[in-house]
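In what follows, chain A forms one complex with chain B and a second complex with chain C.
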Partner chain A sequence: MTHPLLSVRDLHVEIDTPRGLLKAIRGISLDLNAGDSLGIVGESGSGKSITLKAILGLLPKNARVTSGEIFLDGVSLNSLNAPKRAELLAEKIGIVFQDAIAALNPVMTVGNQIAEVPRRRLGWSKEKSHQRAIELMELVGIPEAEARFHVYPHQLSGGLRQRVAIAIALSGNPQLIFCDEPTTALDVTIQAQVLRLLMDLRLKEKTGIVFVTHDLAVVNEICEDINVMYAGRFVESGGVQECFQNPSHPYAYSLLKSAPDMEHQVERLFSILGEAPDLTKAVNGCPFAPRCFAVTEICRSSEPELRNQGGPFSACHHSSTFKQSLGAVELTADGGQK
Partner chain B sequence: MSTNIIRGKSFTKKLNFNGNGSFYFGIGLITFLIILAVAAPLISHFDPTGQDLLNTLVPPSRQHWLGTDQLGRDVFTRILYGARIDLTIGFAAVLLPFIIGTTLGLISGWFGGWFDSLLMRIVDTTIAFPFYVLAIALVFVVGPGPKAIILAITLVGWVAYCRIIRAAVLVAKELDYVHAAKLSGLPTARILRKHLLPNVISQAIIFSMSDIVLSILAIVSLGYLGLGVPIPTAEWGSMIQEGQAYILQQWWIPTIPGLMVVVTGFGLSLIGDGLVKRLNR
Partner chain C sequence: MSEIILSTEDLSKHFIGKSSLLGKIRGKAPLSIPAVDGVTIQIESGSTVGLVGESGCGKSTLGRTLVGLYPATGGSLTLLDRQMGIKRSLQERRLVQMIFQDPFASLNPRMKIRDMLTEILLFHKLVEKERVEERCVELMNLVGLPVNALDSYPRQFSGGQRQRIGIARALALEPKVLIADEAVSALDVSVQASIVNLLLDLKRDLGLTMLFISHNIAIVRQISDRIAVMYLGRIVEEGPTEDVFNNPQHPYTKLLLSSVPKMTPGSKLGEAPTGELPSMQAKYLGCRFMSRCPIAIDACKATDPQLIQVSSAGHLAACINL
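Right after this comes the complex of A and B.
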């Protein structure tokens, strides 16, 4: 029997804050096979980045995984001691961060940073690692790679820096790349180039991608599957096409609706009123209920589980019917309910 | 190909000190002092400890540029030879604490845990301990001389570097490139050496500039108290102490060594400020 490359089971993460214990992730599960591309979408504070950090063991000191299990290539990370776990993670997963300048060591040449893992971890010779670094730089589309080997990060443009960061992520031959909003800090044309690069890499190198972002258009372009995250849980999960055409959670629906549309001119963009719930307090009922246009009595008392209700998996009591309430409650341009 | 344009420049070029005149002035000043100290036998033909009891307390003249002291020793010569002692001990007494403090701070900040707690308590205790009491005690144990001074300054001085580096590591270890290095499975020693150390050390280097000033002051103070380098070796502190009796008639005898301390401190401070400007941008 084959097992998924990455499997997360009912993960919970809590963060100690001055305001109290914050339940940042409240039970998420996901499966990822080799070569898959998964987008995790949500607003700030929904727990996207924490999910990645929890899997990678990079949680800050005040945060910890309280329950749940992570399997990497069929091996439970809980069952390994720290060095073994680090070794397995290093072998399987590479990471690309949002801010490429923070993700590169400012006092080390980019070539040496890319060659470091082959040289130090894989134990390759100096020449071979150097050669590999040049190859990787060419693979990620850095022109004049040979000469740029000796350049420091601050001498490169933002787009090139992010390419270097991707090359570093690839340098250990991972089967999976975690991308934590890698295009958010880039301007639109560079963003498109970097996305194209990631897509090419997926096809060429068969590298799986987990892409965390708040940009739906990016997910649409690069991912096959999508998980919409809200208040520390996945509220909608399925194929990108399916989710975009037929969202089955009011939050996902509202997110899509609030993205600008080239075809229909509107005076004001749709927006979701209110704020995400305070996760230091206990969540009663559906966390989206206070902001939902289709809210009913049951939403305020019991929290729905993510389940198959026809269409994408959805954590909504009314996943098949909420759109009908749209007729009754006319949405105003600013998303309020009349 | 335009390789020149995109080739990495050397580290010094990268620092680019343009528009930082006071930094250059500081470097010039200290270099000048070091040259004076190194070339002392070439500049002056007098013996720094050679007495000439027929020519005591002579005012500045063409033969004795800064006059002579109560034993007829040439003050200018003693200033030069004093620079040798004071600068050497000053730099040496900073190097050791720098290395020890940086290493311990790096380890303590990175690993945390009981080692960190223990080390920080030791640091607190050391800071609470009066320096001169420790120095005087050590001089009695080890015997007066450079060794005791360096030992005393090292025993106390490392804590500052330890704290500076530890604080910087606590910030730096949450940066993405350190996370990435950690995640990519590199050995911890390499992450510390290549990814953390070069990025946290600038604060310590800047502090070390003012620390040299402080150690020179400490040497001079100990010399003044008669606990420094034993007389008759030329040393600024003991020169001030010996000369203070003549401050009203032969003011140059105690004043010039004092001014030398001030100039050295000034030069090092300028270098420190210049480094702050460049490294902290």
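Right after this comes the complex of A and C.
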């Protein structure tokens, strides 16, 4: 039987905070296969990073998975003991986070950092791992790889260091790469190189990619699928083209409208007023209701589930009709709601 | 054509680094970093100029030199027909204000917003004592904050609200020119949109002139009348926003614009740039972009390209191959 490479079922995560118990992730599910590319977007604090960390078993000490199941290559992570679980995760998933550059070891040559995984985990010989590291450096587009094997991180530019981080993420031949804002700190010209590299890997090596970002245009460039996150849940999920052309959740719609496009100048940007709910308190009804232009009575009393309603999956009571509420809204001075 | 409110001629700001002890013994000159190195620009009253370019190219340094936070080390700077000296008068300082990426860092955490504004208004003698409260309320309205925000401390606000407070503080001084340095860069997309809208309103209602510094090129396009592209301490292209975006001339501008991710369905990022990133400390006889330039010729090594008019009126670029 075929099974997805990664399958997450109804994941819940809670975090102890000084303000109380935070229900950071409130039931999310996703399936990923080889060669897939999924973008996860949503405002700050919506739970994107915690989602990735929960899957990777890298949650902070004050956080824990309270329910849900994760299957990696068909194996339930719950069924494994901690060392076995860590081993399987490390084998299948490479990680590139925003602070990847800071995570490099300053006193070890970049080549040795890349060769370390094949050597230690795959038990390869010194020569073979060395060779593999050089291949990877070439693959990620580090010029003069042979010579650069012996340099230290501080001797490289930011873009090259980010490539080293990606090479390390790839060194164990993962089938999936988790990226959390890996290009936010980079200049656009360097960002373009890194994004192109990720696209190449997906096409050539069938590496699956999960890409967390604030930049919808980045998702448009490199992802096939998108999940829009709000208050610890996915509220819209589908193909990028479909979601961008026909968003089926008012938050996703608002987010798209508020994103400036480099190719067009608009009179005013759409803005979403108000703030996301405090998840240390119980959520009654749709968490977007206080900010939504299409809110009705039912929205305030029952929280909609993410489901197929025609078009992209949506967690909205009015997914097919909410745009009708827009006519009046868009005329207000702020291009949004007053 | 409307009047020029702020202009520079060959403006420079070189930072002098510390020289090593050995360097001192050998009589070596300390390291100099030409962060701004010969910028000539004219800003029309009431216009918004977007300043873009990669990290470290000197955008913030230029902004800070225009405000007077850094003394220029060369060239001249003219504000409202008066050439600015090393020290500016209180009045001259007031006329150019800056808003930053993290307004929190520049707000006193122990001061209520009302007290902070009051102090500024009275120090600069902008209103009579009796009118201070009225003006504070006016400022809150102007930046879209509720009046009771005056009774709060900076930490009680969200990122977007803090930026509004930073803007209110700048506006309290009744500046003519506002320099926004990455003012929306740390904000969430939707909050970013509301601050951009606020700046557009203020510009229209108060006739403000603005230099909008940002690495977010999509935002810059929304807000700017003109775009200036900076590379290694120099402006390499400048012109009306639509002209620069639709018809970029300098090879660096082309590279930059093709690298920006786009929202168009099926968009594919432009070609990879080649070559090595250059150093700010190197001395350049010719064009600074040469090490990465796809159309460089031998002459580029020896000729320092000046801004000249290209394509349409008011559209300038510094490249000898155009």
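Here is the rule we use: the second predicted complex is superposed on the first by the 325 of 338 C-alpha atoms of A that agree within 3 Å, B and C clash if a C-alpha of one lies under 4 Å from a C-alpha of the other, contacts with A are read in each partner's own complex, and residues count from 1 in each chain.
Simple rule for what comes next: contacts are C-beta pairs under 8 Å (C-beta built on N, C-alpha and C of every residue); 3 or more make two chains touch, one makes a residue touch a chain.
Because the structure is a prediction, the values reported are computed rather than measured.
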For this session: Mind checking the superposed model to see whether chain B and chain C fit together on chain A or clash?
Result: fit
Exercise. Looking at the overlay, what does A:261 touch: chain B (first), chain C (second), both, or neither?
Worked result: second
Exercise. Looking at the overlay, what does A:215 touch: chain B (first), chain C (second), both, or neither?
Worked result: second
For this session: Using the superposition on chain A described above, determine whether A:66 touches chain B (first), chain C (second), both, or neither.
Result: neither
Problem set entry | Cα-centre angle that chain B and chain C span when viewed from chain A, reported as a multiple of 10 degrees | 80
For this session: Quick one: classify A:86 as touching chain B (first), chain C (second), both or neither.
Result: first
Problem set entry | First (chain B), second (chain C), both or neither touched by A:17 | neither
For this session: Check whether A:43 is in contact with chain B, with chain C, with both or with neither, and answer first, second, both or neither.
Result: second
Exercise. In the superposed arrangement, does A:76 touch chain B (first), chain C (second), both or neither?
Worked result: neither
Problem set entry | Partner chain in contact with A:171 - chain B first, chain C second, else both or neither | first
For this session: Look at the superposition and give the distance in whole angstrom between the closest pair of CA atoms, one from chain B and one from chain C.
Result: 5
Exercise. What is the shared patch of chain A, the residues that chain B and chain C both contact?
Worked result: none
Problem set entry | chain A - residues contacting chain C, complex | 43-44, 141, 157-159, 187-189, 191-193, 195-196, 214-218, 220-221, 241, 244-245, 254-255, 258-266, 268-273, 275, 334-336
For this session: Would you mind writing out the residues of chain B in touch with chain A in their complex?
Result: 1, 3, 6-8, 14, 174-177, 179-187, 190, 194-195, 198-199
Exercise. Where on chain A is chain B touching in the complex?
Worked result: 56, 58, 60, 86-87, 89-91, 93-95, 97, 99, 102-109, 116-117, 120-121, 144, 147-148, 150-152, 155, 165, 168-169, 171-172
For this session: Please name which positions on chain C make contact with chain A in the complex.
Result: 54-55, 158, 188-194, 196-197, 200, 215-219, 221-222, 241-242, 245, 255-270, 272-273, 277
